[in-house]
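Just so it is clear, A, B, C, D and E label the chains in written order, and each chain counts residues from 1 on its own.
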Amino acid sequence: MGVQLNEVSLSYPGTGLVIDRLSARIEDGEFIAVLGASGCGKSSLLNLIAGLLAPTEGWLDVPDDGAAFMFQDSNLLPWLSAGRNVELALKLAGHPKDTRQARVDQLLELVQLGHAVHKKPHELSGGMRQRVALARALAQDRQVLLMDEPFAALDAITRDLLHEELRSLWEQTGKTIIFVTHNVREAIRLSGRILVLSSHPGRILETRRITEDLRRNPAQSAALADELTTILRKEQRKHERTDAN
Amino acid sequence: MGVQLNEVSLSYPGTGLVIDRLSARIEDGEFIAVLGASGCGKSSLLNLIAGLLAPTEGWLDVPDDGAAFMFQDSNLLPWLSAGRNVELALKLAGHPKDTRQARVDQLLELVQLGHAVHKKPHELSGGMRQRVALARALAQDRQVLLMDEPFAALDAITRDLLHEELRSLWEQTGKTIIFVTHNVREAIRLSGRILVLSSHPGRILETRRITEDLRRNPAQSAALADELTTILRKEQRKHERTDAN
Amino acid sequence: MSALTQTRAAAALRPAAVLRRRGRADAVIAPLITLVVLVSLWQIAAWASPLREDLFPGPAAVAAKLPELLADGTLLSAVGTSLFRALSGFAIAVLVATPAALLLAHLPLLRKGLGPLVSAMQVLPSIAWVPAAIILFGLSDATIYTVLLLGAIPSIINGLLSGIDMIPAQYSALSRVLGASRRQHIVHVELPAALPGYVAGLRQGWAFAWRSLMAAELIAVGGSLALGVGSLLQRGRDLADLPLVMLVILVILLVGVLIELLCFAPLERKLLRDRGMTRTGENHG
Amino acid sequence: MSALTQTRAAAALRPAAVLRRRGRADAVIAPLITLVVLVSLWQIAAWASPLREDLFPGPAAVAAKLPELLADGTLLSAVGTSLFRALSGFAIAVLVATPAALLLAHLPLLRKGLGPLVSAMQVLPSIAWVPAAIILFGLSDATIYTVLLLGAIPSIINGLLSGIDMIPAQYSALSRVLGASRRQHIVHVELPAALPGYVAGLRQGWAFAWRSLMAAELIAVGGSLALGVGSLLQRGRDLADLPLVMLVILVILLVGVLIELLCFAPLERKLLRDRGMTRTGENHG
Amino acid sequence: PAPAKNAGTAADQGPAATLRLGYFANATHAPALVADAKGILDKAVGADGTTLETQIFNAGPAAIEALNSGAIDAAYLGPSPALNSYLSSGGTSLRIIAGAASGGASLVVSKDITEVSQLAGTELATPQYGGTQDVALRSFLKERGLDESVTVTPSSNGTVPQLFARGSIDGAWLPEPHASLLVKQYGAHRLVNEAQLWPEGKFPTTVLVASQEFITKHPDTVRELVQANAQAINWLNTTGEQQKLHTVQQALAAHGGGTLSDEVISAALDQISFDETPLSGTFDTLVAHAAAVGIGEPGSTQGLVDDSFAAGEGK
């Protein structure tokens, strides 16, 4: 039950073509990182997979029960406390009432927010909101998990902690995880495969498999990080040149 | 015309004490980075300096004309295009009408968004919105510039580019810049002094001066980064232990 | 650097319980002061005015009318009757209008077809319904409720619809992602998100309900239908009894102020506070 | 994996010009279909109903009334008169209510003192003002406008106030940071941010204006005051001329639908589209 | 230009520049309709250079309010609004300067009620609480001991036919043409003609009033108005049935009141007699009736009627 994209294109009325005949096959249980310049279409791609946007052309195949999605902005419901926001996801996923509170507490503990269950979103800091959103995405408990820059607003320490949690969750549950990040190192550290998107329009520029060996080897990781950064930089340069024309 | 905080405390009704008798003196023209765990009170501190919150105790002194502020969320006005959002800042800063358009174009070029002048915020990607907010903060042209995680949503390449722009802007204008970041390396790369905040409640845990020499020396920089990370990690541990009690 | 900065900062939003408590006291005292000021102005105007006393009765003349109306219980029972009709009618209107608005919001074609009609029905004066209601229901409370409902329902529908329209698209996306059924989306996301706009619509709906009731109560001034405030007002006009007219106006205003202070204002304040907003316009300078 | 997923995706929001164009056509056709359906139902009910024809006139009987009223120009001139009064009165009401609402929003004490009174004035039936207005202004258009304004202004004030209340606090913070003066804050931030709620308030205000006008037009049917639609309606009622009553109701509905379709709906659609929202309830499944 | 507290200090100022007259587009206001439509009024006041402005009202209260505010100078009205205004202003607001119509009010009931005694247990409507017909019905019932067993429902002229048609009420005490409308089109019949209850069968239905201020300032204009009223009434009383009907219907149509059938209007005109004497003697009785059924305060009608103008008409 992976995800398959076949010659998928997407254009917005004002913007034009954003994703151009993109094809990809993501196996069941894969952990995929998506890299790309700001505005290249990463969030749009996740929206397509989540079924929130329909492709202008092409087709895609996702599991019947959809995908859990952690949005780029935390998108918490402002009238619900942190705990209730997470609980809503559990409720809509069909969890019985009596087990929900315990699960909410557990999930918020996981993201280091056990003390903030009763806080409303406007009483939380930016990073805390993002963590509540993360807890909510985990509460959905779907086979496919889409995450849009899940750790962008977090400090290094909390981020490290959550990296570990996410890895072990993936190992235990065998979920298919697709996450967008701007942090090349983060991508190498977490994922099994990295997709690099080009911009204007978005296509797959590069695909890299990350083996356990490579991950464990600091020198090799650093080399790959440099390489990916160079690819991204080259892509950006190309655009500056085309823009100047 | 620096910023001075004297025994400043802040508490929120539901949360209690967030900043505890914090004193600091930021000289005119300094470039300060603020580090700290998620939820420790960094945004609250900037809000205090910007005059958006009043301290529960203590007092602070800021220049008469207030401070330019780039919010953690981009906080663009949704009914205005990217260009008009920036223009509004120029208008309210008293720029004459005939020079505004040129300045808007210049600022949006600076943040690599020359092509998106006419886009409404909802047509922009997360990183693009953040860059518009950055352009708007620069448009305000105040002596003090407060920035709350200005580059969090940006890819590494764009971030590098904007780092350079920000440095050269600071060198040219001699602004007092206070910026919050989660990226220790970013702090070392940009700032002249780093303040590390503790959490629950927020106090200044450490202050480090960054010299040009240190910045140029990769090994020394890396060492400092490690050291700061260790400090932050220790602080976090302490809390885990107190929480468990 | 200057002291000015500090005053600016001190004037900023201070998240302290003290302020909130002072606000509560103000909420009672300020309307009272307004009342005293308005009554004084009225008395002064009555003295200074060159108009005959029966054309511009002062507060004293109006107050003199009060014991008489209180003595025979007319006023109290009229207020009681009208208030009961208005509140129960309003409750029914809310119960009917809410699902209707949801239907319109979720069936685009239905909305395109009926939406303009609903807005048009809002502008139809209540008395227009009277002949039809009488033919259908005769001189019964059903007639009065019909006129009231036809006045209030379109307004509440429109209020809820515009509340729903203003819901950020991201909440709908969230609902989809969480796998909410349509019913769940409505209950857990749409209604709470639209609530502030909805309450604004309810306030207008209440006004429409009350005004339509006044019109409906002109159908019959007693007899088999209980006497309401609207009938009393008309009676004052019929008998050229301006003190009575004024008294009824004051009573209606009083009822309006009380409903606002006891229901809508606290409701709205709670909703906004839940969402981290304030109501009193203290948010700027 | 299944085809089902694909249909779900296809049903999602498709940002295509095609859809929008189809939407425009719908916006005209759907109300027309509604009209045809309603008229047919009415005709069937009239045939089936055991009521006498003068008590429940069918579309034919009402249509038969039309040529007569059109011939002597009564109907057209009455609609013209009322529409002119309503539109000009509404414009004045907006011009008065907007600054009043801003004052109330920015002076917390004033709002606490007068806010409940404004809400209470909304519930005061228009005819309550008639005696006072006539005594002050005699039988002039001023009287009619007074009644209309007192009906519409409180409603628009409340609409704008609740629009302002719902402005996210972060916009006010932005204004402060950008160094906006209070006037600049109002013009550049507060009013545009409150606009969707304000337009909802305007729609209700328009309804109040029109209904108050109908009440005011009952004062006089002719002479120095031109005949309006309200007078025509009252005449139909007085003489138990139900076809006339129905005809006037239809005319009022028509005016209401046209104002909605030509003014409010496009305005609201533009406002929402500017902010990346949609109006038609297409946002969920 | 609302009247001052102590109106009437100004003395005779000769003919008025304009005479602003209010009336209803209604069969009981036929003298006004005819006087206006046939130019009788124009001619009468025009001789002194006075211009005439007329104003059509829907109901008594608005006309009284207009008179009180000085927006009109004189009006054709039912006696009860005139009386109410006179009493509530302590006798300072207006005076009745002539009669216009009398008679033309009946208790019309459904076919199955043929005797007054059968009224017990019924529900009867009147056009307006405390109005002329309302008081008449209540005192009629009281005198016959029926006031406990009959429900009186004040509604409005326009609402009564619908109530009657669906059987919500058993009858109504109505003025013309509403009584005739019920008889001709809704199958009611006349059980009591109010004329039977009054000496000589005369009681006021429409009177001509003027504000006291206007009477004091412009007695000449008032006199001309009263004369025009008398001429119109004379015309109504001497003209053939058909022409009378035609003229009245046309005048009604001109003011938008012409939607009743010829049959109803002609029946209504039959019921009404037009008479320029103000029937001064009846007003105390009206007040007494009202007080007896508990509506309004007993008050003195002394000075309500000013028949000095009507008297001068004899020349």
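Operating definition for what follows: a residue touches a chain if its C-beta (ideal position, glycine included) is under 8 Å from a C-beta of that chain, and two chains touch if they have at least 3 such contacts.
Computed from a predicted structure; not experimentally measured.
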Fewest touching-chain hops separating subunit B from subunit E: 2
Touching subunit B and also subunit C, the following chains: A, D
From subunit A, the most remote chain by mean C-alpha position: E
Interface ranked first by C-beta contact pairs: C-D
Separation of subunit A from subunit D, taking each centre as the mean of its C-alpha atoms, in whole Å: 46
Centroid spacing, where centroids are CA-atom means, of subunit A and subunit E in whole angstrom: 84
Whole-Å gap separating subunit D and subunit E, where each centre is the average of the chain's CA atoms: 39
Multi-partner residues of subunit E (at least 2 other chains): 2, 61, 65, 68-69, 156, 158-159, 162, 165-166
Residues of subunit D whose C-beta touches two or more other chains: 12-13, 55, 130-131, 135, 169, 176, 234, 237, 240, 276
Two or more partner chains touched - positions in subunit B: 12, 51-52, 66, 73, 122-123
Subunit B partner contacts - residues on subunit A that touch it in the complex: 12, 14-15, 35-39, 42-43, 72-73, 114-115, 119, 123-128, 131, 148-149, 152-159, 182-184, 229, 232-233, 236, 243
Residues of subunit E that touch subunit C when the two form their complex: 2-5, 7, 60-61, 64-65, 68-69, 81, 84-85, 88-90, 92-93, 123, 125, 128-131, 151-156, 158-159, 162-163, 165-169, 296
Footprint of subunit E on subunit D - complex, ascending: 52, 54-55, 72, 74, 130-131, 134-140, 218-225, 227, 231-232, 234-241, 244
Subunit B-facing residues of subunit D, complex: 170-171, 173-174, 176-180, 184, 188-189, 192-193, 195, 271, 274-276
Subunit E to subunit D touching residues, read off their complex: 1-2, 22, 25, 53-59, 61-62, 65-66, 68-72, 156-162, 165-166, 181, 185, 253, 255-257, 259-260
